[in-house]
Amino acid sequence: MLETCIGKLKLEKPGMVASGIMDETGASMVRMLESGAGAVVTKSIGLEPNAGHANPTFTEVKGGFVNAMGLPNPGIKMFKEEMNIAVPKGKIIGSIYGASADDFSKLAITMEEYGASAVELNLSCPHAKGYGMELGTDPKLVGSIVSAVKSAVKIPVWAKLTPNTHILTDIGVAVQDAGGDAVVAINTLKAMVISPEFAKPFLSNKFGGLSGPGIKSVGVRAVYDLGSVLDIPIIGVGGIADWRDAAQYIMAGASAFQIGSAIANKGPTIFDTINKDMIKFMRDFGYSSILDMVGVAHE
Amino acid sequence: MLETCIGKLKLEKPGMVASGIMDETGASMVRMLESGAGAVVTKSIGLEPNAGHANPTFTEVKGGFVNAMGLPNPGIKMFKEEMNIAVPKGKIIGSIYGASADDFSKLAITMEEYGASAVELNLSCPHAKGYGMELGTDPKLVGSIVSAVKSAVKIPVWAKLTPNTHILTDIGVAVQDAGGDAVVAINTLKAMVISPEFAKPFLSNKFGGLSGPGIKSVGVRAVYDLGSVLDIPIIGVGGIADWRDAAQYIMAGASAFQIGSAIANKGPTIFDTINKDMIKFMRDFGYSSILDMVGVAHE
Amino acid sequence: MSDFVKIIGVNEEAYDTKTFEFQWDEKAIPGQFIMVWVPGMEEIPMSLSKTGRIKSITVKAIGASTRKLHELTIGDSLRIRGPYGKGFDLTKGKKILIIGGGVGTASVMPAIKESGADAIIGARTNKDVIMDDLGHKYAKNLWISTDDGSMGFHGNAVQLMREKVAENNYEIIIACGPEIMLYYIYQACVELNLDCQLSLERHMKCGAGICGCCVIDDQRVCKDGPVFTKEQISKMKDFGVQKRDECGRILKFR
Amino acid sequence: MSDFVKIIGVNEEAYDTKTFEFQWDEKAIPGQFIMVWVPGMEEIPMSLSKTGRIKSITVKAIGASTRKLHELTIGDSLRIRGPYGKGFDLTKGKKILIIGGGVGTASVMPAIKESGADAIIGARTNKDVIMDDLGHKYAKNLWISTDDGSMGFHGNAVQLMREKVAENNYEIIIACGPEIMLYYIYQACVELNLDCQLSLERHMKCGAGICGCCVIDDQRVCKDGPVFTKEQISKMKDFGVQKRDECGRILKFR
């Protein structure tokens, strides 16, 4: 009942772990798979090891979290070990970030070798200079990166989009036109927290990204907007904490969803809970599969 | 101690009522002034009476509210009566919306006649087709509207900006280059709420705007970004509910701030509370005026 | 907060009025209201006519949205949000007389239940009288007035009120009903030197005290009210005189 | 949640260790930690060494950030967030022996206070012993071990523990200290068939269980820990063997 597919990729359960949350190590990815996630998206991996920004990198705010981890990761080479542990246990989506089409292609090829079920291009991180949303708000650049990666690998290529733009649907169309297999929306919102007493931005990077419950209605709208213009599948992410949140994304047009922040407070069992509640909802309201629900709010 | 100025406009207190909140009638504007607001921005007024969108127009979400009122207002002609009641009691900023530079100019001239202390151009409402952010994400159009209004009136001209774009600072620069006296940031974030049980968007307009605590860190960052490129004053708005929130905006670069959503739960006394707490903070930390604090987080 | 509830009971109160029951765990006090919606109608405010764990709304069909609600039956669902507003303050220890006019009776019924006070139900004809069964159950004394005398006292609720006040030493009047009725109740209270708490209505959009569209003078009916004290009402220039439409334009009552 | 607190007391525990007291109303249980920051340093995790309304952290200066904290004095401020993590479970009704190694003593002090159990403080030399005054006050029996014998028992805390376990019928060991010490405590517990709860450390960024950088195998030290049960530890392949750096790369302990 919970099976879904994102293009040709089948998932037994519609919920994935979002990139950056409990997915930097093989063992924690396995834990998430065992907790009822249909797939795990890895932490975004780059060509070289990266320590990320210095602490403070994270803080709670009303309505969510603001983080500027700065894409810490051991680099694609060392990440092999983690993939070796995780891949045999379930579907792993390799999230990657780079500064050019070439970077992305190299990383994607390696992720494919490691056994990733798909790659997710991080075109949306709002707090890493020269990466992420700095690339992801230029439709032409986005198109050229997606094209390059598409011709480099056989596994599906997803593009993760930023909501911090008024041309979101143009970016989505650019991904589709370049042959991208799916879009993932949304990454975090550009944000900042200032400590009045110290008269300074709190994060070492000054800027960060807002995630969590407060961004859910922004993400649902992004998916709905994308659903109005795209034919390729959409994956919804942003503020999901229960089945209702997930159902909103699906009805807005998402074939699957990802969860990040809510894992902090609700723990990995959140996937099981949502799976059970979703089945109950589907039974009560006569949906026989997730795909039956996709985009119904457009009608 | 709490006096501030936005260019030549002096305010005795730094907090204003944001447009659209308890400011559609003369009597309620007077109530807000008497509650400790330094000024009241009117509901955005257009050329003709407008009923706004049909109910549902509003709902609570985690982290704030989503609304699509659709700019209901009695039209500029009838609004005279409300201004006549409010203007003698304090500073009223006339918020206006239109579909063209010409609309804006006409409205601004009338607001000036009514005694408005400044006009605020709504270039940012995310849920009114043909108005608001549909104009406000095009720097050229923004520039031409601001120029036109500037040559039509003598009172200061403020432009209220949308955060739903990656070219926020370009828009800010366009306002400044066109002679605008200040920018106001931020309006609501594009959002949507779907009712899973009914498989439909909840608002009659489908789309709406997210306001309240959840958007505060987004607004602070917008003001900080604008503060990095602009010389004209900035007015901060978005999710302010206490003195710390207000101080964050000021330190990010705002000379004054506005409060909307928090008035719902905390009531009009929120202004008095913030004023008192702010004075205490300023005493404790050695700030002798609001202007002393403006932008200090940039250092 | 907003919720999705299922209708578990429907009761026909009169030819044009139905009560819909649902289970909803939010705490609510007599006089509070909710915003109600199902697809195909505008969202509208409705007082809670029961405020326990099982709650209800009592809807008089007067237009498109209320007629849409009347189509619903057991098992159907509502999206509701609230409860909103200030309810009746029953804690003052004064001797209370409660008056419900027309469908306003629904709004005061929880206050009648909670206080067990004396009460009046006013209606145009015997066909318009609602909830008198509950009124008899919960009120110490219940009197009914109809304009045409088809049931109970012949005359309007304010006339009956004056009679009952003369007989008993009530100290406070609690009432909900058409503004014109409330206006005369208020005048009578001033004249007779009685306290009062009246539940008022205005066009509502947010229901949560933010949009400002429901103001009477400078008071938000949804948040500062809907129940207002005598002192608050004494300062209202609009009360009984004028209200505003969806655009915020003034409409005179007369 | 995050807060801004003022230092109201500073206590020099040893040549390289200071306690900073502040008032903070959040509830915290023994073994929980906070993230601490002032401008000019990296934000770092610190156990609460007092968990009442007046709380404290006890900081050993070992690098740039801890040295920056050592510059602070009464009236200075900290930005803190938390409290985070699972603390010690003192409710099992078992006979407890508590062991603090080095600055780990700070982390177990609230547990000593709350349980009044027997305790051991282990340190390299008499100069490194901290909080023995408090230990004497709160513990039923307090024993001290130093590696060089300059104070108390001559040897390490694990040797002393074995001795005391032989003398008394403890059922559970509660401990915090260097991982190598905890590793041998764990081995001893397995051998002697004792239960244990050990407070572990890893490099932390979010502190709130989201970034995943502090994992030992698949367990987040900040959220699933920092206090882990014997059963949890028995499943950990990394414990005592390896940790990860800021990039997530593996670093072997030996």
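When the chains are written out, they are named A, B, C and D in that same order, and each has its own residue count from 1.
Operating definition for what follows: contacts are C-beta pairs under 8 Å (C-beta built on N, C-alpha and C of every residue); 3 or more make two chains touch, one makes a residue touch a chain.
Not measured: the values here are computed from a predicted model.
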item	value
Steps in the shortest chain-to-chain touch route ending at subunit C and beginning at subunit A	2
Distance from the mean Cα position of subunit D to that of subunit B, given in whole angstrom	49
Where subunit A and subunit D are represented by their mean Cα positions, the distance between them in whole Å	36
Gap in Å, rounded to a whole number, between the CA centres of subunit D and subunit C	61
Numbers and ranges of subunit C residues touching at least 2 other chains	none
Touching two or more other chains - residue numbers and ranges from subunit B	197, 200
Overall pattern in which the protein chains touch one another (line/ring/star/complete/other)	line
Pairs of chains found to touch, sorted by chain label	A-B, A-D, B-C
Sites on subunit A touched by subunit B in the complex	61-64, 66, 133, 137, 162, 164-167, 189-194, 196-197, 199-201, 206-208, 210, 212-218, 220-222, 224, 239, 241, 243-244, 247-248, 251-252, 281, 285, 293, 296-297, 299
Interface residues, subunit A side, partner subunit D - complex	20-25, 27-28, 30-31, 43, 49-52, 54-60, 65, 67, 69, 72-75, 78, 81, 195, 197-198, 200, 202, 204, 260-261, 263-265, 267
Subunit C to subunit B touching residues, read off their complex	1-2, 4, 35, 37-39, 42-44, 77, 79, 81, 204-213, 215, 217-218, 220, 223, 244-250
